[in-house]
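One chain, subunit A, appears in both complexes that follow, with subunit B as partner in the first and subunit C in the second.
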Partner chain A sequence: MSENFTMPARHKTWSILLLIVGLILCGVGIFANLDSPARIWTAWLYNNFFFLSIGLVATFFIASQTLGYNGWYVLIKRVAEGMMMYVPIGAVLMIPILVFGLHDIFHWTHSELYDPNDPHYDRILDSKSFYLNVPFFYVRSLLYIVLWAGFAWLLRKNSLLSDKNPDIKVYNRSKVLSSFFVLVFGVSSSTAAWDWLMSIQPHWYSTLFGWYCFISTFVTCMAVIILFTIYLKKLGYLKQVNQEHFHDLGKLMFAFSVAWAYLFFSQFMLIWYSNIPEETMYYKLRIEHYDYIMYACVMLNFVTPFFVLITRGAKRKMNVLAIACIIIIFGHWLDYYQMAMPAALDAAHLQPASIGLLEIGFALAYVGLFTFIVFHQLAKAPLIQENHPFVRESMVHHT
Partner chain B sequence: MKHKYLVGLFDDEEPLLVATKKIRKAGYRMKEIFTPFPVHGLDEAMGLQDTRLHTIGFVIGACGTLFAIGMMGFITAVDWPINVGGKPFFAFPSFVPITFELTVLFASVGMTVIFYLRNGFSVFKDPEIVDPRITDDRFAMVFCMKKYGDRQGQIEDLLKKTGAVEVKERYLEEELPDNLFKSDKEYFESLEKAHH
Partner chain C sequence: MQYSSPERQPLIEGHKTYHDITEDIASGNEGTPPLAWLIGLGISATVATIGVLCILWTIWQGIGVWGLNKTIGWAWDITNFVWWIGIGHAGTLISAILLLFRQRWRTGVNRAAEAMTIFAVICAGLFPLIHMGRIWLAFFIFPLPNTRGMLWVNFNSPLLWDVFAISTYFTVSLLFWYSGLLPDIATLRDRATGMKRRIYAAMSFGWSGKAKHWQRFESLSLVLAGLATPLVLSVHSIVSFDFATSVIPGWHTTIFPPYFVAGAIFSGFAMVLTLMLIARKLMNLQEYITIAHIESMNKVIVMTGSIVGVAYITELFVAAYSGNVYEQYAFWNRATGPYWWSYWCMMTCNVISPQLFWIKKLRRNIAFTFFMSIVINIGMWFERFVIIVTSLHRDYIPSSWSYYSPTWVEVGIFVGTMGIFMTLFLIFARFLPVIAIAEVKSILKVSGDQYLEKFAEEEKAAREKGISIAGSANVAGARHDKDA
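And now, the complex of A and B:
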């Protein structure tokens, strides 16, 4: 039963090549945009947050499945764990962005906005300053980084321990860890989305923004898990993973794609209908200059997965799933772009931009880094967790 | 005219699944299996075709979508246009919630009605049950004696051998509706595939 994975040399070369190509494209992009640092920092921020969230949601996936006494996912648990181990790295990469890019990304950090004698004085921001102030912002960011990285590390350590130790205590400890993590995640996933994305446009707020970001990355996380599992299967590993597991993952991906559309539309319709200036400015900015990206998001994240994945057969065929996954990942990456970039450029009085070398470069670099880390982590331990009490249930799983 | 059926009662789902496959392999097709709760993998073991209910659900749901958009578009943009807050008469975003609700309503009610019709259920009459314990703790496998009347003894033996706790004859006023089976070739291929 014990199955060990070794990273194929081909894959190692590819992921490092991707990282290097990404960094080169990025470098070109940075040189082309040296006069607009806001764009550079925001491109880095949203890419980093996007990939960090995928890892974070993988942690949440493991924690929620553990708490739900679920057995079906045990065979693919190590894949999710590999993604989880990206969290410490992604979280640490957040530090340089928030330290050096703070003033370029976040308009609300400028001190003249809070001086009543200054012509730039902003009464609305002043009233929000009990929450949106730089010291508290740093404290919160540090808390997220430490807590997320810490829990990812602890859960992983516990899981590795169970390979050697058949004691049920190890499993029970994973439950305790998971429950604490879910508590932390429930609050911090929302507040991190407010802090790192929503506060780019500080006058505007939406109460469901945190869930919107969470669901966006949950869909992406499912897509990434499916892609890695398919890749491993094509290499000849994970033989016991069958179409039933893919069906379940596909169902989650389908359901949360619809949930994404639900939240997207809920946010849009209330603002569109009530027509209040400080709310509509979010969509005004996007519909004026970035309408094609917004509509592309709806097409890629809702319409396409809805019609592609609606049949039972599609969720059970690896090739169809893989195509849907790639579309979904790209769509949600665009969605993150659309959440971050327009407001940052607008606040810095820059021309509306589009997807350029800079964004593509960052994305490629992160894809390279992410896949490298996942495969590196997969190679470290048996592909299927030993001594997990539900392993057998996952092997005989059927719908 | 009464219809004769042979009923084999099982007391658990695992023996039922094993017996179903064995009996299918021996060349018999059961008319129906009644269980107190949904048994995972029973459709595959019986060799039933995939249900067409979800296709019907999709079609009826799509009808609901078109009906809702058509209705609201006609009312607010054609028949009696009213300016609401300066929004366009055909204000699509404000139609979406109701469109969604009507889609769900059409799909769920339509699927329920079709399911009832197809299975011969009705709210106006009590169904005939092959054995009252199928609503409690027994799993009943039913064979049509019009089809297998000459081989009743063989089926009884087979049922007992595969673990049925009780085998009996039962006469029903109405015929049980047909199930759609896969072809034998397809069924054995799917069993082979599941085995490996």
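And now, the complex of A and C:
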């Protein structure tokens, strides 16, 4: 029964190649944009945050399934665990961005804004300085990094322990760990989104923003899990993963694509309807200069998955699912772009940009890094957590 | 689906057979009504009558008999409306979303929860109608072709969206509930005689349990679940738009739609627990609504309660962060102004106390669960009161600041709707099965206690023979194919 994954050499080469090509494109992009450091740092920030969030949401996925006593997902749990183990790396990569890119990304960190005698004095930002100040910002960022990486590591350790020790106590401990993680995640997923994305446009605020980012990455995380599962199945692993598992994963991806549209619409409609300047400036900036990206997000993240995945058959076919997954991942990556980049460029008095070599390079490099880490983690342990108390339920998962 | 991990709690206890299930549940609808039911009905009907009288008084006199004034035009009426709409949400969540999520424990509570949805929406719908003042003009809310010239409903208004959202929700919930009832009504029909039999026969639409009937039943329930799932979200989202589309501090905030939905599910589960804990005791249903069911519902409560808590804190934080003094004052006033007691009541009941459900012992304690369900019902009522009244009572012009307290008519109407709700529920519980007989039977062979014991024995035997447990999955798979 026990399955062990070994990464085929050519796939290893592929992911490393992707990383290198990405870095080269990135290098070209950086060279071409040396006059606009805001774009370079923001591109790195949103890419890093996006891929970190995918790993983080995979952790949340495992934790929430554990707390819900779910059995169906156990066969693919190790796939999600592999993604979870990207969290420590993504979290640590946040440090250089936040240390060296701070002033280029975050307009509010400029000290002259807080000096009443300075012509740049900003009364509104001054009133926010109880939260938006550099020391506190670093403390919070460090807390996220330590807590997220720590919980990912503990959950993984516990899961690996169960391979050697079939005692139910190991499983019970995973429930305790999961409940603490869910509490931490419930607060920090919102605050991190405020800190690392919303504060790029510091005058603007929206209470929904944190949950919007969460839903966006939840859909992406489902898509990534499905892609890895399909890949492993095509290589002949995970034989017991059947259409039912794909159907369930597809259902979640479909449901949360609609949920994303729901939150997008809620935020947009309420701001449009009330027409308060402090709030509409967010959409004004985007509709004036980045309208095609905003509409593309709606098409890619809602309209396409809605019509592609609505039938039962589509959620049970690996090829259809794979196409939908790729569209969704790209769409949400674009969504992260439009959340981060417009405001950063605007604050730095730079011309509106579009997706260029820089952004594509970062994305390719991160895809390479992410897949490499996941493959590496998958190869480290058996592909199925055999001593999970619900593993048989997952194996006999029928309608 | 003929296997369940022996680690799981049984969802049907007492080694039931299919016949036992029919007997146990259908017997609640047969024979002479028990005394407790008659007393309950008497009290509820009396309370309902008081409510109806108060409503008639309102219609006769006009809404001047309420405590509303120029500044505070919405208070208890809309609070009650939102509260009742919210309570209905648990039924739809259990019947639709948990069906799509393949959660087996839903079968024990879905029937009663769906019935509660319908009764709660009826109670909720009353309030906007009587709040109109001239209820005989209520048909104005529909975009009817008319002879009133250019008079036409305002499609830009969330109040009109409410009309469509709630009527759709009511229709789909009713269809879902009734189509699920068909096989069970047929069961009652087959056991009844005389006039009763003829009535149940008409109500069962000629259900005969043919394979074709079951096939259509299953596709219909999936289709209705697919329709009801977005409705769970849309109804309360649109209710939240009533507030959030405005420019009133404390009302206009983008988190409202999902936060209202979470709050609705939270309060709905609390009400399901309140009623089902009483029903299971009075109707002897402890073997069908087990501790496992209660624990699952308590988990939903701690989850939605925490989501609501995060939303409260987000609102507070963003008000501070916004730099908008009106927004800041609205929240400061909520916590420390004349209505501070309602704010802190809401915080304690909805955010702090449900956190106790992280403790497993408390999640599985029936008395504590019952107590908590009441606390949450109160807390969620106060949440709507806080949102509506504290945001309105001090508006932009200090000269129009005001204070609101309800009159006896408003109290009478609110208490009266509880009477209407309970009366309808008691009638339902007497004449229709409170537990979905057919659906409970469908999980017997996988979640019945004797079957779980069998799985445990098989796994133990396999372990003793040295066969790896995961390997024996194939055995279970083969058995599934044979059974199917």
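The rule we apply is simple: the second predicted complex is superposed on the first by the 399 of 399 C-alpha atoms of A that agree within 3 Å, B and C clash if a C-alpha of one lies under 4 Å from a C-alpha of the other, contacts with A are read in each partner's own complex, and residues count from 1 in each chain.
Everything that follows uses one rule, which is that a residue touches a chain if its C-beta (ideal position, glycine included) is under 8 Å from a C-beta of that chain, and two chains touch if they have at least 3 such contacts.
Model, not experiment: these values are computed from the prediction.
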With the two structures overlaid on subunit A, would subunit B and subunit C clash, or do they fit side by side? clash
Count the residues of subunit A touched by subunit B and by subunit C, then name the partner with the higher count. C
Applying the document's definition of touch, where does A:V391 land relative to subunit B and subunit C: first, second, both, or neither? second
Name the contact category of A:Y273: first (subunit B only), second (subunit C only), both, or neither. both
So, A:V139: does it touch subunit B (first), subunit C (second), both, or neither? neither
So, does A:I124 touch the first partner subunit B, the second partner subunit C, both, or neither? second
Tell me which partner A:Y69 touches in the superposition: subunit B (first), subunit C (second), both or neither. second
Using the touch definition from the top, say if A:L34 reaches subunit B (first), subunit C (second), both or neither. neither
Where along subunit C is the clash with subunit B: 94-102, 202-210 or 328-336? 202-210
Doubly contacted subunit A residues - partners subunit C and subunit B: 269, 273, 398-399
Taking the complex as given, what residues does subunit C use to touch subunit A? 1-5, 7-8, 100, 102, 229-230, 233, 237, 241, 244-247, 252-258, 299, 306-307, 310-311, 313-315, 317-318, 320-324, 358, 468-473, 476-477, 480
Which residues of subunit A touch subunit C in the complex? 1, 67-69, 71-72, 124-125, 127-128, 130-131, 168, 179, 183, 186-187, 190, 194, 203, 205-211, 240, 248, 251, 255, 258-259, 262-263, 266-267, 269-271, 273-274, 276, 278, 384, 386, 389-393, 395-396, 398-399
Looking at the complex, which residues from subunit A come into contact with subunit B? 265, 268-269, 272-273, 275, 310, 312, 398-399
Which residues of subunit B touch subunit A in their complex? 40-41, 50, 54, 58, 85-87, 93-94, 96-97
